[in-house]
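I have a structure I would like to understand better, so I am pasting it below and will then ask my questions one at a time.
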Amino acid sequence: MTMQILLPKLGFSVNEANLVEWMVADGTQVAKGDPLYALESEKSVQEIEAPVAGVLKIMKAAGEVYEVGTVIGEIG
Amino acid sequence: MSEMASPDRATLLEIYRIATLIKTADDRFIELIKAGQIASPYYSPRGQELIPAAISVNLRPSDTVVTTYRGIHDQLGKGIPLKPFVAEFMGKATGTCKGKGGPMHITHVASGLPVTTGIVGAGLPIANGLAWAAQLRKSDDVTVCNFGDGATNIGAFHEALNLASVWKLPVIFVCQNNGYAEHTKYELGTSSRTIADRAIAYGMTGVEVDGNDAIAMWNAARSAVGRARAGEGPTLIDAKTFRFRGHLLGDDSHYISKDEMAQAMAADPLPRLRAWLIDQGHATDGALTDLERTNEQAFEEAVRFGLDSPFPDVSELDLDVYAMETAA
Amino acid sequence: MSTAAAKQINMVQAIALALDEAMGRDDSVLVLGEDIADKQGGGVFKCTAGLSTKYGTERVKSTPIAEQAIMGAAIGAALGGMRPVAEIMLMNFMTVGMDQIINHAAKLRFMTGGQTHVPLTIRTATGAGFGTGGQHADYLESWFAHTAGLKVVAPSTPADAYGLLLSCIFDDDPCIFIENLPLYFVPGAAPVPGERVPIGQAKVVREGSDVTVVSYSRTMLEVLGVAEALAKEGISVEVIDLRTIAPLDMATINRSVARTGRAVIAHEAQVDFGVGAEIATRLHRDQFGRLKAPVGRVGAARSPVPFSKPLESAFIPTAARIRAAILDTLAPSVATP
């Protein structure tokens, strides 16, 4: 079952954040809890873990700012 | 653990059950936020679980608990049902507040949670009113009011403590003192040696306790609740603790020294309590694991419920502003 | 028609009667505030005199000077099933308790999805005329009317004060009941015992056909005086006493202005961003084709309430300024093609 990776809201008055880098390559098999990507929002850079196990499909490139809720990838 | 009166085994296990349920909830909420399934500022109580766990076993359903935006531990301790609790975090129509209050205003009257506030210190004056109402009803119900060390510097704290003392209200003021008021370390913002010292100024009993010691906290709570029920007035409990996950999720705790954080994490009260329960023969590792799994399953059902629930209809904007719709 | 024997009381007595009636009828009615119990004088204006003696000091409590504590205790008691009537001695002191009033009393019903509500009445007094200066005489009703979840009333007669206070106490939402210092001692017809005045209902107190003047609280006295004087000059003024500020009774105002085509709103609060601005905007929307002149507003000068007597007298809406505003609506209108 494919799970969408949504850009989260981390912080108080943020509605967007910078997807700093993907920590695994497109197509990699990840386990739940593996570091997946780094997110920079108002306070700091946070590491976001894989919410489920599966194969990562990257849908948005790193190095860009996206709105909270943007589908940045899928794990299936 | 402390050398003082000890709660019985059943109570100790109940304290542990509540504490791990809180940790499960905190871990899952953070996962849900990072996965984008909850969009809200989030204030983690990780590290402070034992305080409400040890207090709540001394309370009845009709006692009331007032808390703040950092309140999931106090709410779970009081017994809030999981499904509407999680649904409210998700802003769903099936939430405790129909999605209209959100995490900072979790309310469940039937559980004795009549108000949660997002304003630092504002709960204390309101707790006085709830206690006054209990007094007028001639019940010996008590009100527990939770707040942080930062709240002890705001005017409402001082006004409320003074009034509670003058009116001898059945209220227990619990300062969950984690040493940081947002990003400001205690010593840089608070003039008193300890928060407990402030009780002297208001003519009430002040108690300093290790909030991360289940038995010490249980004793302090039992005493204070007993005092309130007997009509002897309020208590200020200065419960020392620590928060591991910053002020707000997304906060990297840069204002806390790495050493201090490492030390606090090494003294994590939850694994310490778990090991002690096994060591003292109160429970086996297997029994505790079962208890933890039950919590996880129950919480997962609540997450499922929340995800499957609808958002409130936009017509809800017009409802609950006044008793009935009033065109202003 | 009133007879020589018709009973007259003043607003202090009317308020005291309403509180006594409410407390006698319902044990959940509580009264709290600074110096309100009999040991402390029964209230600085004596509105609560006799209550603590009759109902005891568990239900009638003098408080420390601590508006956040007073408001919070009242809110908490309301959440706990009581009907508290909290006195904030002077309206300027509401500012000290604003967090409790605005962030809590007004919002808890909505934020809890209707699980709780706050049946609280806040009584507060204000009004220029006694040289009390810039921090003791402000009319701040706009701030509260602007906050969803609050109701705001401002009676101008003893009978309305009695009837509205009863309605506020038994209303299930937080109500702010605004009293006026000079008005406290102005006599008026005694109320019918137990008779409530509905919240949200304005009253046409003088019928007229040329221009509608809407007012409330102390300014009503000036307005009625001006209306009487203009009647002798052949100008027929219809006077509406708002009585409730929020929720606004636009139906009554619209019915009147639809006929007269002219309106002036007069109040003691500042003109800018005031109640007059709200009514004027609604009239412009509702009566656009029928208005013969722009809606006029009269209010206090744009300054803090001054101390010096001649300044204070010029500060509040004088009869002269109200008269001028009315005549303005009757002056030849701006030339239209």
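The first chain written gets the first letter, and so on, giving A, B and C; residue counts start at 1 in each chain.
In the analysis below, contacts are C-beta pairs under 8 Å (C-beta built on N, C-alpha and C of every residue); 3 or more make two chains touch, one makes a residue touch a chain.
A quick note: this is a predicted structure, and the numbers were derived from the prediction, not measured.
Interchain contacts link the chains end to end along an open line, per the touch definition above. Every chain gets a centre from its CA atoms, and the centre nearest the mean of all protein CA atoms is that of B.
A straight line joining the Cα centres of subunit B and subunit C is 41 Å long.
The geometric centre of subunit A is 56 Å away from that of subunit C, both derived from CA atoms.
Distance between chain centres (mean CA atoms), subunit A to subunit B: 31 Å. Shared contact sites, meaning residues of subunit A that touch two or more other chains, are absent. Residues 30, 58-59, 61, 63-64, 66-69, 71-82, 84, 99-100, 103-104, 108-117, 145, 148-149, 151, 171-173, 200, 246-248 of subunit C touch subunit B in their complex.
Partner subunit B is touched in their complex by these residues of subunit A: 3-12, 14, 41-46, 48-49, 51, 68-69. For subunit B in complex with subunit A, the touching residues are 31, 33-37, 39-41, 248-252, 254. Interface of subunit B with subunit C (complex): residues 64, 95-101, 105, 107-109, 114-115, 117-119, 122, 124-137, 143, 155-156, 159-160, 162-163, 166-167, 319-323, 326-328.
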